[in-house]
Amino acid sequence: MVNYVFRRLLFFPVVFIALSLMIFSLQMLLSPVQRISAYITSNSELKGGREQIEALIKKYGLDEPFLTQYWEWIQNILSGNLGWSETARSPVSEVLISLFPATVELVILAFIPSFLGAVWLGTKAGANLNRPKDHAIRIFTILGWSFPTFVFGLIMLLIFYGYLNWFPPGRLSQWAVTEVESGNFIRYTGANLIDSLLNGRWQIFLDSLRHLIAPIITLTYVNLANMTRVMRTSMLETLRQDYIRTARAKGLSEKIVQNKHARRNALLPVTTMAGMELAYMMGGVVITETIFDYHGLGQFAAHAAANLDFPAVLGFALYFALVLVLLNLVVDLLYPLIDPRVVLK
Amino acid sequence: MKVFKYLLKNPLSSFGIVSLLLFVMVAALAPIIAPPQSFQLSPYETPRSSFWATPQAMSKDHFLGTTQGQYDIYYGLVWGTRTAFKVGLGVVLVSSIIGIIVGSIAAFYGGIIDEVLMRVVDVFMAVPFLIAAMVLTTLLGKGLGPMIIALSAFGWMSYARVIRSEILRIKEMEFIQAARTYGVNDFSLIFRFILPNAFFPVLVLATMATGSMVLAASALSFLGVGTEEGYADWGQFISYSRNWIVGQGDDPFKYWYTLFFPGMAIFLFVFSWNLVGDALRDVLDPHTIHK
Amino acid sequence: MDKNKIVEVENLHVSFSLSDNVTVDAVKGVSFHIDQGETLALVGESGSGKSVTAMTIMRLPEHDGARINEGAIHLRLRSGEIVDIVKLPISRMNDIRGADVSIVFQDPMASLNPVFTVGHQIAEAIIIHQGKSPKQAEEIAFNTLQLVRVPDAERRMKQYPHQLSGGMRQRVVIAMALSCRPVLLIADEPSTALDVTIQAQILNLIRALQKEIVMSVLFITHDMGVVAEIADRVCVMQKGRFVETGSVYDIFENPQHPYTRALISAVPKLGSMTDKDKPEKFPILEFEED
Amino acid sequence: MKPLIEVKNLVTRFDLKAGLFGRVYGRVHAVENVSFDIYPGETLALVGESGCGKSTIARSIMHLDKTSSGSIKFNGKETLGVSSRNLRTFQRNVQMVFQDPFSSLNPRMTVGKAIADPMIVNKIIPKDAIPQRVQELLERVDMEKDHMNRYPHAFSGGQRQRICIARVLGLDPKLIIADEAVASLDVTIQAKVINLLMDLQAELGISLLFISHDVAVVERIAHRVAVMYLGEIVEIGDRQSIFRNPRHSYTKKLFGSVPVPDPRLRKKDSMLIADEIPSAMRAPNFIPIQLPMQQVSDTHFVREETPV
Amino acid sequence: MKINLNYMKNLLIVLAGIAVLALGGTAYGQIKNPNTLIYLTTDDISSLDPAYIGDTPSTYSSYNVYSRLLDYNGSNISEFVPALASQVPSVANGLIEELPGGAVRYTFPMRPGVKAHKVGIKGSDGKIKWQYFDDLSAADKAKIEPGYGEITADDARYSLMRAILQGESWMANAVTEMITAGKYSNIEKWAIGLAGVEKFDDVNEAGLIAVHDDLAKKIKVVDGKLILTLESSFPATLGIMALPFATSIVDREWAIDMGAWPDTAASWIKHHKPKLDQSPLFKQENGSGPFIVEDWNRTEKKITFKRFDGFFRKPAPLERVVLRLVPEWTNRRLQLLAGDADVAVTPPEFIEEMRKTKGITVTDLEQVYGRGLFFGWPVKADDNPAIGSGKLDGKGVPPDFLADLDVRKGFNYAQDYQVLLEQVYLGRTVQSRGPTVRGLMGYRPDSPIYTNDLEKAAEHFKKAFGGKLWEVGFEVTGYTAEGRSQAIAAFGVLQQNLARINPKFRLKVQALTSASMREKSYGSSNPESPLAYMGWGPDYSDPGGPLGAASYYLSSSGLVAGFSGDGYRALMKEKFDPLLEKAWKLNDPAQREPIYARLQEMSHEYATTQFLWEEVTANVTRDWVKGYVHNKILYGAWNFYNISKEL
């Protein structure tokens, strides 16, 4: 099994080279003049017009041949820290490390209810094919999937913060921020929920939770549809199997048949999918983070993308590739636990 | 045909089909029900009768109201229907063609070609979709074309995977073996025997994707890399409304029309595609859940 | 109901609705009975309704959208009580299924849940029907596995279905069915999916078990060879109806209905060609296809 | 008479691979050193239980599976290792009917197209003659000519097998391989399809390689019989001597297991042992032991057995 | 594995949890965070190094964290108050002297006893340790190493020289331009000039030392006073010295300790134009301003300032200031409404909405610059989508399209300025009359301006290109940077009016990313863009000089000329440069004013640019935010020192 894990991770360097080439090629779609923009903070720096620009292009070597530039670039990125992000004004690795806990905190907390909800709704819908319950669940989930996330998120923000003033945006209230940033609060993980518990600060824990709920609701609802759909189809498929008939013939109640015999088998495709879904969420809940002023990886990545901060985009893609590989690995390792037929080779 | 009958019989999908037909009609009749004005350079540039910053409620001239900057919502929605079809179908068409080509080659030839192509797919999958699309649209500039290119460039992978697994499944079926035994060549095997049978899973995927691509396009608009300002595009219009969701003082719903109409349009469109796709999936292929 | 009878089916009508307005009548007025300790074979070709008829005794087809339109199924439970299956609520059926009547399906590959151990799946029924603790249930399950002559039963208990061969799986399914010592075992083509050498073993096993624990068997098959091997009485079914019923000897030696005759003539008989030089075509008897 | 097809020392093995670099962790010895001939107009039946390699032989002859070694000669010409272009005539002369009538027809092709396709691909008759020929073929297999515009899902299993036979006949093959072609059919249908095959053989002088697990069916149709066990032919010979005088212990066991459709002949002895069919999967470094064949009569050979 | 979820129970727990959390919300309307100002922005601070920055957002830190010798006097853009200097130099008090030969000397006497945020204390091991002054006990304060963390004239000298030699930001280069009295616009040119070579790369070590020494001669410390000697007059000197950029004073000892330029002649080149993070002052500060940077979280785009109690004036009322970047307006708005934020940057279209909102105060802030559609000619001829066919055939325009004065005038008459002012700006600003806007020398409220007059426009268009233009029409593309709805509106009005004048006149609009925008406009001799929406503001009140409003627009070496093409530049050289040079040489404002007024008129006469409106922004704050003083030249940068929160 160690062998298996090793082989899966071996894939990573390949992805790195391919990704870096791809992103660098994208970058090269831009003319040197356009690319120089990344290095300019104020238009007034270009008072000298073309001449000044050409000097800058020379300075940053943007007129060199493709491979030379790529080599320069990749060296920069490999020389530690994954390069320098212009948008964050920090090394890319630092940004990723510092924002990672926030995103993970949000994503995990949103993933759990979406997964459990999807399994529950999917089971119910699958077991009641084409009955009102099935229709209701399908409409409910497709509804969540058919609305632009940002509209839904903004409405959540408006209701829960604007009108009710229950769940404010951001990650913490200002008083809590001051507390957290003061010397007598130890940042163990960077995830506020965990840190506040470790520090024994209930108030901060509750405050942090308060800030998380609205984005969690948004994310959960938006992510529900896909997994529910897969769970439902998977249930339908499973309920057609002979062993379900066998289970019924044994005299098991319909509840046990559905919730034990069928669901356990139906979980297989959902697990794969849930792994992907979790990975995608880790890959940036861009819009939700933007709306709820939640400084996480998604918002950062979107900002980097819009500003063509290529080292940041590459760093982010690498991070995402790693998440994908690891989560796929986790799913693969989980699979034999759910399905004894699967053996890792 | 049987499929179509099923779709019409199922209350959810028949709703979807009827509403999609309505959208098609609106798109087709756009020049009649929302005639462009003489000073417009293109019918897709939503005309503005004035330039007030604040949205204006429904009136005789603007019977769904106007957005910020006085873009006529009615006009934008009518012509935006065409844009929605262009984006949805355009992206789906381009990405499914790429996906089908890559997937077919990978599955049919297998071995090292398969391995390489699948790694390419992996690499494309390793860039989060929205971020990748953002980078590409930012690179290519605003507009419908760049958006379709960007969404397709990072949206073809699922088609490739589905096609590949379908082909691998079909390839083992006996009619393929039979065709091989009487000397059908590879090309013909793929196009005459395999792809027509792999069509339905792709169709399901494509149906679902058509809606979600319109959503993705609207997300791009939200993130500021969508179509050009004033372009008749639902995503653009709905992102105009984002700042007006909060009403004014005593009247929290003062600007409801800026969100409601574009929101309904996009929602109905996506919802209909999803309903049809969902039903299609049920009827066509219960075995393609996790491919 | 006659004291010897275990089950008596009267004028059974079962239909499936395919969509809103298309219904298919699968079973059209079937009546039969099974005596204590007797093996009744239900013979017919695919789609004749034999499986539906048998499974209706356990009310299983209803989960797949079937409806019992008419008829009665009287069953003598182990407790001696006689119930009309058709009129029971499903919750009550759960007490009967697996306890008084059990079933063995055709495909041993598919009829075991791949994610649970063999032991667990056998014990499950024992726990719910006999109120045993999981530990006791496993003990019983182990004994049952030995009863169906599974070698190395202890190890098998902890194995998953995919780790067993087809024949072994079918034995496990039989063990599962017999774990509560039912009065009636429905065997729905239990040997069809197996290789011929394994099939012989399974048939022998069922025959032997039937004697060991006194039970009746309703044997469903399309294979006349198997019928000849195992049945006491035979019902021949065609398109939802019984065309002929009789003792196994009557059916084979003196078939009355043209369909029965066609069926028997189409069955190749090993050894019938020993004296012939050249291959020979089957004698085809035409029968009415209504 | 010269044999139509000569199979010599055919070996087909499949590697089982795992991981990124395709490490071989096991090997299935599906066909081990199999030799037989088929003469024009004769039916050779391959009989054995699942996994014994009988289908792999068919697939190897059809070049659907890659053979590891051995030779398959058609009309005295080697076919293995020959480029597919040069196999054209071979492909036309040797055709196969598959086991599963539900997957052996393209669901998106009408029956007429399906039957016409081999003729179009191989350009054996002019295009405008094809519809006529398709009709003839359909009639030949007892189907109606207006069936040609329908899709396969409209037909029953038996009808589909007939369509498959018609498709094969379009190329005027010299040898038809029927791989469990009647296994999934009901007995009455099975009988009719087998009769059809025998009629065709009588009419057209076609050779048949009839692959089946059903000993009783084989007894009816075959001129010669080969019994397979774990990838090897353990006994081969003319039908009468095989059935009268089975020599190999496996053959005996196989024949003994067949239920006899006569209640008076019901077997009394109960074999309450639990047997399993061994698997043909081996470690990558496994070297098979070949025991020689013994001649029983002119036409009957049996493989030696290791004493147990 | 058992998957039996107890749904009802879970649901109840969730609901109960939500209820508990919901109660945590505080009441509406009270001052939240009473001593902390929370400011939600959309802009990002790029560096804490005052010598590195050149953009307004970054001044939020340098302005409040560092001090300068002088400050602007309240909202006045040409009057000053002493800060680190103890007096404002003037001719009257003798601190500005004209030397023989036209040179000018500025003397800055220093305020004594000013402490920086961090001071150096010598430990027992003889090493200097930098500690926050506020945290020190009286005993510790006695141990402060002299000069370490005390702001002296030498620190001022070092700071100015470091900024000039670092030469990274254009604001630092403005200091160079000041100190050389406009002779050199940056240190590189200075070095080239002294060494007499072609390229900066060719300047040898001796040359580098020479330029340092030349600079050191101009910035000197004598008797604890800073003395600047300029070769000739540079009227904007005091204005530049008060700007919160490169003239901010850092503590020399601390900076050197942190690895900044060690104040030696030969070493400066190593510290010349560093990459952003290579400046040691990039993410740490030691200023003497009223606030200390407590935390700068660059990934979360948040900076927290803490009050500096040892400030040389009395400490600021606010204890903390938090600047957070919140890109989504609805979010900023809701936080402001809930009182979780005190100030929120507001898009122009919401200013009026917010003005109507209870509890919110909106203050309009006039800006010292205008917006306009910039004409460029000749533009790039080949492969330029902006000019279509590149010919006068109705499907494009020739590359020198806008060289025709009638075309320019036609465009200017076609624009409807009133519509823009009324509808887009809701009457909050006025039409821009030219490069010189209200408050600058040379602005006259009665100078000629263009009005919407389609007939006159038609007249001019008919004259253009010998009437051919009117016959065949044109198609041309105008550019703007993305996200400028006002620009789209301005183009929109123009587009509609042009089509009304003649349906064959087709103006297309394209919004570009800032990178593409740059590519379109920066080609000094032939840019790609014939028509672009932009705006520039001067950096001191004087309209002349390198960074003045008039030279920005109207000098052949000005910013605008830098991207408007050779034709534009030639026009400037011929007509405008002489007047500009003449005015700059004069010291008497009474003589200069009419010249700038004339230049303003000429910009109308030659229709150099389509001047649209004077920029106006607004502060949108809670009512309880008090004390903001607007100084136009600072472009709305907040001096948090004056701010307090009270109802």
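A, B, C, D and E are the chain letters, set down in written order, and residue numbers restart from 1 in every chain.
Note that a residue touches a chain if its C-beta (ideal position, glycine included) is under 8 Å from a C-beta of that chain, and two chains touch if they have at least 3 such contacts.
What you are looking at is a predicted structure, and each value in this text was computed from that prediction instead of being measured.
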Contacts shared by subunit B with subunit E include exactly A
So which one's got more C-beta contacts, A-C or C-D? C-D
Name the chain with the Cα centroid closest to the overall protein Cα centroid. A
I'd like to verify one number: the distance from the centre of subunit C to the centre of subunit D, where each centre is the average of its C-alpha atoms, in whole angstrom. 32
Per the centroid of Cα atoms for each chain, what is the distance between subunit A and subunit E, given in Å? 37
Whole-Å distance, subunit A centre to subunit D centre, using C-alpha means? 54
From the mean C-alpha coordinate of subunit B to that of subunit D, what's the distance rounded to whole Å? 50
Among the residues of subunit B, pick out those that touch two or more other chains and give their numbers. 138, 224, 242, 245-246
Residues of subunit E that touch two or more other chains sit at 328, 330, 334, 337, 513, 516
Contacts with 2+ other chains: residues of subunit A: 11, 30, 154, 158, 162, 264, 290, 308, 338
Give every residue of subunit E touching subunit A within the complex, in rising order. 1-5, 7, 10, 17-18, 20-22, 24-26, 28, 32-33, 36, 38, 44, 46-47, 53-55, 58, 169-170, 185, 273, 275-277, 294-295, 297-302, 304, 320, 322, 324, 326-328, 330-331, 334-335, 337-338, 340, 513-516, 518-519, 522-525, 558-559, 562-563
Tell me, which parts of subunit E touch subunit B in their complex? 328-330, 333-334, 337, 347-350, 352-353, 356-358, 419-420, 423-424, 426, 482-483, 485, 488-489, 492-493, 495-496, 499-500, 503, 506, 508-513, 516
Which subunit B residues qualify as touching subunit E in the complex? 38-39, 41, 48, 50-54, 68-70, 138, 141-142, 224, 228-230, 242-243, 245-246, 248-249
Which residues of subunit A touch subunit E in the complex? 30-31, 33-38, 40-51, 53, 59, 84, 86-90, 94-95, 98-99, 116, 119-120, 154, 157-158, 161-162, 164-170, 173-175, 177-178, 181, 206-207, 209-210, 213, 259-260, 263-264, 267, 290-293, 295, 299-300, 303, 308, 337-338
Contact residues on subunit C for subunit A in the complex? 58, 60, 63, 90-91, 93-99, 102-103, 105, 107, 110-116, 124-125, 128-129, 160, 162, 173, 176-177
